[in-house]
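Here's the structure we're looking at; comments come further down.
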Amino acid sequence: MSNHTYKIIEITGSSPEGSDQAIRNAISKASESVHQLDWFEVVETRGHIVEGEVGHFQVTIKVGFRLD
Amino acid sequence: MSNHTYKIIEITGSSPEGSDQAIRNAISKASESVHQLDWFEVVETRGHIVEGEVGHFQVTIKVGFRLD
Amino acid sequence: MSNHTYKIIEITGSSPEGSDQAIRNAISKASESVHQLDWFEVVETRGHIVEGEVGHFQVTIKVGFRLD
Amino acid sequence: MSNHTYKIIEITGSSPEGSDQAIRNAISKASESVHQLDWFEVVETRGHIVEGEVGHFQVTIKVGFRLD
Amino acid sequence: MSNHTYKIIEITGSSPEGSDQAIRNAISKASESVHQLDWFEVVETRGHIVEGEVGHFQVTIKVGFRLD
Amino acid sequence: MSNHTYKIIEITGSSPEGSDQAIRNAISKASESVHQLDWFEVVETRGHIVEGEVGHFQVTIKVGFRLD
Amino acid sequence: MSNHTYKIIEITGSSPEGSDQAIRNAISKASESVHQLDWFEVVETRGHIVEGEVGHFQVTIKVGFRLD
Amino acid sequence: MSNHTYKIIEITGSSPEGSDQAIRNAISKASESVHQLDWFEVVETRGHIVEGEVGHFQVTIKVGFRLD
Amino acid sequence: MSNHTYKIIEITGSSPEGSDQAIRNAISKASESVHQLDWFEVVETRGHIVEGEVGHFQVTIKVGFRLD
Amino acid sequence: MSNHTYKIIEITGSSPEGSDQAIRNAISKASESVHQLDWFEVVETRGHIVEGEVGHFQVTIKVGFRLD
Amino acid sequence: MSNHTYKIIEITGSSPEGSDQAIRNAISKASESVHQLDWFEVVETRGHIVEGEVGHFQVTIKVGFRLD
Amino acid sequence: MSNHTYKIIEITGSSPEGSDQAIRNAISKASESVHQLDWFEVVETRGHIVEGEVGHFQVTIKVGFRLD
């Protein structure tokens, strides 16, 4: 188990509902093309403002997955 | 469009409900005096603890808006 | 009041529900053994991914409390 | 001279020509409303991409000026 | 109390006497135009050197105050 | 629009002419294989020195593009 | 001597007099319960403002001590 | 030579033997699918602990390679 | 499994042999008093120099362990 | 080739023309007294403002050169 | 004036009296061998603890001076 | 003892054998021209890759020594 190698990619998810949902959306999208996603780490939380309110949250995460 | 200038201010919002709501409260307050708020970026997430529970979340954000 | 001393400890809480709940869980656990918890500050937000979805959020916080 | 106080504001300038010109544009705009601008410091250099080419550079700077 | 919003500004104070006095000078100047200053945080400590000695200390601080 | 996901890649461009041109070269190369490049952010500016002069600038950027 | 192990704790001291005294107060308090304190390192300097003046300085330090 | 473009990827290698071997394992794995790997840079060194001893070291590196 | 809480402590190990051994020494010492050590993360690598050679490496690590 | 040692010095160049020229000026000056300059890395970009325009750019770089 | 070049060196001064005095001692020592010292910037503030009290403050600063 | 001043220089050592040996090589080289080297601190660990394997490790360290 100890010699596994992991690749880490960086993606930005967005959601009008909240920052956690933006993370979930990013992971859901990434899992369409990459299997064995293992962990994530938040890099940055931003968002767009529309008419004085949060339009949507944008959370950039690093996602790690095992290379077989 | 390419020569716009933006000003960035730093504000801290708070909420007993959660960190996303603290962001929304900060933006709501800022939009009372500044128009054309465009984006935000989370700088720091803190909070006060009251009797062993989160009293309120305090999220500091940078907010950018266009100078006409 | 001005000569108080505070100790700061670092703990990681987790929750399948969301990052705010992970913070609440960490503080709830810490308050079992330490009284007078005063503030927290988020250090890092990570999580595990299970079958292409967030398994649980893991939020590392610093927690400060007064030394009497 | 030694007891002067300075205020520091953060602004983002943009330009399709280059990053130096984005800085110049930001300072030019700021000098319309604030006098005695004294120094700047680059915080971040970003930009938008349009059809595979740089649409415009966006440089965020801190600008310091003396409070009389 | 939990829904207060704070604004954070950045100022640089200076003093030939020492770094603490540079902080006090910055806050004293800021309090002339802003009321309800609440806390500060040191961002950077610099200084000018004149003939091989410290001419004056320059301390940049962030200062937070409540928006009513 | 609010649920888009973006992928972020990191590339280093180089140019003997200047740092802006190094950025343009990196983006030009990346756009050969990736469409819908949306924004970039400078991570690091370095360069090689040849016979006491800048041989070429090397600018590392993050580039974001939409996943459809 | 070369195989010693040290533990590092983080504490915040405060003082109305100055930032150095805040450090001394933190170390004085820590030495009541921990012996063999060996070194400290400043992590953050903050403070509270009362009626437009520094109420007290708050300096957070890491303190290292030998585990026997 | 001066207009080369490089891509940078992030990978985590692991090894029970040591941190250098974890780096070598990561590069060995990456070189199976990418040619012309040129340089690496250590981003983070972590590890898992099993029964009070290092189970394996995990070193995250950035690896750069030339795009032809 | 998802609601576990972890505590993180910071320790510095040393060794004349190398940086990996300094990590192992730190973990070995910590495991004498704390059980269920789970992971570590390198914070800083330093060392003392004696007569122009490395006297010993000093590696500061964060170590996480589960609170039951 | 693999056992070379490099020394790294830090210098600030300035130029009214632009940030790239400030880098070139710094390297040109450094090459008067140090041979075999090998690479540079930008640490900070600042500048002075004179009458609402950039007086000159000041770029601080690290410069590496081989010790024979 | 705009094409001056500056060199930046890093030194650590110490003092049992306080952190400002440690800065003054470092600059005083540096000015013995380098003329035209122009500015300093604090990099790190540490200190040694002797018998539960600050033995001496150690402040590391960067010092800039003009190359003629 | 408390008023000593130290100078800090930055050097990069390299070795095909490992990162610790790269540090030892850097210190060995530095000790040829500077006496009383006192401590080091790792700034960055990089390396070159040759034919899919580590060609040599390059470790940049800060080295401190006493000014008499």
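Chains here go by letter, A, B, C, D, E, F, G, H, I, J, K and L, matching the order in which they are written, and residues are numbered from 1 within each.
The rule is short, and it goes like this: contacts are C-beta pairs under 8 Å (C-beta built on N, C-alpha and C of every residue); 3 or more make two chains touch, one makes a residue touch a chain.
Since we're looking at a predicted model, the values are computed, not measured.
Hopping across touching chains, the smallest step count from chain C to chain G is 1.
Number of steps on the shortest path from chain B to chain D, with steps defined by chain touch: 1.
Superposing the C-alpha atoms of chain G onto chain H requires a rotation of 120 degrees, rounded to the nearest 5.
Comparing the residue numbers each copy contributes, chain B and chain C share less than half of them at their mutual interface.
Separating the CA-averaged centres of chain A and chain D is a span of 31 Å.
Here the spacing of chain D and chain F, counted between their Cα centres, is 22 Å. Between the Cα centres of chain A and chain J there is a gap of 38 Å. Residue positions 9-10, 19-20 of chain H are each in touch with at least two other chains. Taken pair by pair, the chains that touch are A-B, A-C, A-F, A-H, B-C, B-D, B-E, C-G, C-I, D-E, D-F, D-J, E-G, E-K, F-H, F-J, G-I, G-K, H-I, H-L, I-L, J-K, J-L, K-L. Chain I meets chain C in the complex at residues 1-10, 62, 64, 67. Here chain I touches chain L in the complex through residues 18-20, 44-49, 52-54, 57, going by the rule given at the top.
Residues 9-16, 25-26, 29-30, 55-56, 60 of chain E are the ones touching chain D in the complex. The residues of chain K lying in touch with chain E in their complex are 19-20, 23-24, 27-28, 31, 35, 37-42, 63.
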